[in-house]
């Protein structure tokens, strides 16, 4: 997708900071607010320095009042500003669901299209080091269920910059979900400002035998699965949906029509979730042309336990994808005893 | 027009439009839940007239008084109630979510307390963009029970946002008395311990409310602080709908009789008559009646939205 | 399902009131609380008289504090009581999502199974008379997405009594969703107390040609569609799922394997919803045995407009089911010009 | 054991267990975010000791002081931190959601403010079932910003529930100062306008807190009203984790030095030494150290849960 001639490599985290800096410099109606956005940690470094550079009305920490802060964003967005409301865990958006669903998602419709709501809600999703059941949800399936909300889940540094800029410029409410483990991922990112259009998925990896539709971190896991299975000449095509709503159905359908097999590797619970949506859509659109039923991979149907021993069971990963693919293609189990899988201790240590 | 007469005109407009709804409602063409403002008129009119064109207003589902005293128009108002394409929101909003951004009515909502934080965000934008507006938010006594009121009020005090919070207290939410909902004897006594200014008044005299709102607006601006106005009225009708409900046991007609003695419309009319403005009064009344009749006729004759309109306005 | 020898006919509303009365009499730890439960309207009549009969600590109206009242229920449920928290519109549960999802749904798991949470949350869903976008949602897809919550959607007077009693006796949090239009439906209901087990769907109408999986009010619409299509000898089988979570998959799969066609008529938005779940599950379980792809019917992908003209377009109904069935079976459009469809003005008039 | 020594024992247990965690944490075996209570010990210990076995307690993620002073046990405590099957919740809860219902610790939570309404529900159940418990809920100053605090406190005042609300104020949430979050100069001055009793104290003396909690418990019960205690302490370490963070710019080491002069453990130790109980003090200390060492060894040796345990405990 990235056709930039640049070859500068930065992290996902830096790409977010760069997008914020560029958009705030370009448009003085953009501002960033939320718990702790102006502290010394700066939301995993992504908001560091903004308050100093743009002043305390362009970037400020707020009271712990998620519901009111969401309504505050609606009020500011409908009065000429472009707010970016930041949440260090998506779980805290559960305090703001009334404003989000009853107010933010409906305001434009109720005004019969007169009023726009250019509001971005950044929310980090977590995993690891005992985050536990109150700090580990994703919730994209819930947000995507509500008409009037856009839902973005970037995977690469290139995409996160372009998608965040596109979200800030979008005149609709956008929920922007960032996986904490991705912050350390590196990639080529052009210095200049650019948009990756909302509603466009991409082929993250071309392949011929089977389609894996992935969201957020599951793209990293899918890539690992692809690497390992390529040793057996199994060729996986990975679709990174990038935005969960609106969904780029075409890129998915085209791929599945080509491969005939579809695994949805979603980073959320399965029941009534985004993986159900993709499975239902693919089963309908590719009816009669599927070589196997669509397989869904997601969280275990439990709250997320704290202990690492169970947490590793709760979250899906590359191995689950490998096993699903093998089953679909009638292959024996690949020997993965020599393979290294992602372990967050390599990247960071607790507690946060 | 003198101030007193201008205020009366608005009072009468709100009252008469309400009475027209009461007459029309049984015909089953106004298919939207109506929370009428009979008894409450002086607050909406007094405040809106004082703040005027310079204001951005936020309210609740009980918003007819607000809409009418800010816009003085009834064509789009009635068309919206009848669900017509010519309505203020093309029929999408109905009675409970009326807005008129061009006249400063920015948001009203059917979920208790929800426009309060929105108003705080508007006050913030107003400061940042130096748009020099006066921000006013109306809510019922029920909204005080909701956490979001406290979050929003606190935030306005932290940010020292000049804005006016108006609690329209009718003692009911919707049939539950304050004693079963409020763990404090007097809300203004609680809130005066915040960094803000508070006022409390039980008057139904529109001129008194008008002065109070002027003063509140001035003080908010001068001191760069939120102002809380605790105002009171008596709801003449059932919570939602067009009927009385004194026979339902949770309140008595006696209470109504007491308040009706100081009915805001009667009070102001009496004042004008005492000023020998009887003729002007009846001119205003006639004009309002004609306007309302005309608007209702127009609304009834107007087309419903096209089916395709369902999908319009979701996205920008 | 009902094999009672009784033939007493009462309304859905009366069946709820009877369930509450019987359970409160049987078990003094059961209590009912929420906005307006003790007023003269008594939540569409369902809680009328409870305060008088059982006293003001067994049935009381509360402050308008949905989030705190949900947490209150959790505190009471984990200290020996069996609370029933009532909401006159499910939309107001959006104020309580944090307590519901972060606390209520996880408390037992976090205690490693030591603490039970016998909490029932009754929520009415609406439609008609300009309820509009803040008073017309259903949200069962969102609740069902969360592990730890049961979600019940009764259709008949018989079922509502038995399911409510089962929910009150259940030791888990149960969201009990009641459609306002069903309150007036009549049916045979035994006087004695009985349970309809949570997690058991039923065949509401046997048929051979096509399966319609329906929730709540959509069962009424499905029945109407069935009646009309039976004139053309099309035989519809209707599955009333009764509980959305846990879902009785077997009753659905068995029916679809028999008919080969499946329409899901859900009373919610489609995207990432319960209809997606059923479609995904059926497509997987009946792979290769479906004669047509699963068709999903639900709300239009917009907020719900107020005006009747558009509201009628927003909600799905019998006609949508009829047209979907015709399309699947390759039939021409049935003449429905002489048919009466449900109009709420026949049952009640505004405003509430 | 005298009261003073019993209090010291608990203080020392909390302090020493915390220091043990600080030492162990860098080994990367305690994989759960720890919000340590260095500096806060006197509040947890003073209150829990005063209310004792008769209490039902609710708290936050910063709950080690609560857990330890209520249970006095460290085996299940450390096993839980290490994520072991033998932990208080079999590893499912970790540091942030510790409970010990058998000792009265009913709920703690990683989401700010969330156990406050739960405690109100518990107080209601306690009244209805006449279980004659004392209900106590602890929360940080950050929780005051959340609407649910106001909803819950108001409800407790409406229902006149005898219970104790304890705000453990360290002035930070987590790095944002009160001036940027609170629109009032003094929370107890706001809350005293509710139908309740309020107390404020800045002491770090466990005996003073103990007496205050005794008094609060008594008054709540006598007057059948909620009591609000506003207590203060200084957080010695970073918000979450085991390190100091005075170099991060949002606060200074000077502040710490000031508070450390009245460190709760030192204060109480000094008192005991002045009472010539030096020997008893070191016995207690030795015993605590041994207990903690043994528990850590046990925790390390214990097995992790079985994979199948993931699915256990969702449903009853």
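List of remarks:
Going by the order they are written in, the chains are A, B, C and D; count residues from 1 in each one.
Throughout what follows, a residue touches a chain if its C-beta (ideal position, glycine included) is under 8 Å from a C-beta of that chain, and two chains touch if they have at least 3 such contacts.
Treat the numbers as computed from the prediction; the structure is a model and nothing was measured.
Chains touching both chain B and chain D: A, C.
Ranked by how far their CA centres sit from the centre of chain C, the chains are topped by D. The mean-CA centres of chain A and chain C are about 32 angstrom from one another, to the nearest whole unit.
For the pair chain A and chain B, the distance between C-alpha centroids works out to 42 Å. With centres taken as mean Cα positions, chain D sits 36 Å from chain A.
Shown for chain A are the residues in touch with two or more other chains, namely 62-63, 65, 67-68, 91-92, 95, 98, 102, 109-110, 132-134, 147-148, 301-303, 305. Each of the following residues of chain B touches two or more other chains: 92-93, 97, 109, 111, 145-148, 151, 154-155, 158, 180-182, 314.
Viewed as a network of touching protein chains, the structure reduces to a complete graph with every chain in contact with every other. Residues 56, 58, 88-90, 92-93, 97, 99, 101, 106-107, 109, 111, 114-129, 131, 147-148, 151-152, 154-155, 158, 312-316 of chain D are the ones touching chain C in the complex. The touching residues of chain A, when paired with chain C in their complex, are 67, 91-92, 94-95, 97-98, 101-102, 105-106, 109-110, 132-134, 137, 141-142, 144-148, 245, 269, 271-277, 279-281, 283-285, 287, 290, 292-296, 301-303, 305. Chain contact summary for the complex, chain A toward chain B: residues 29, 31, 57, 62-63, 65, 67-81, 83, 98-99, 102-103, 107-118, 147-148, 170-172. Within the complex, the chain D residues that touch chain B are 145-151, 153-158, 179-186, 189-190, 193-196. Residues of chain C that touch chain B in their complex: 35-36, 38-41, 60-68, 91-92, 95, 128-135, 300-303, 305-310, 313-314, 345, 349-352.
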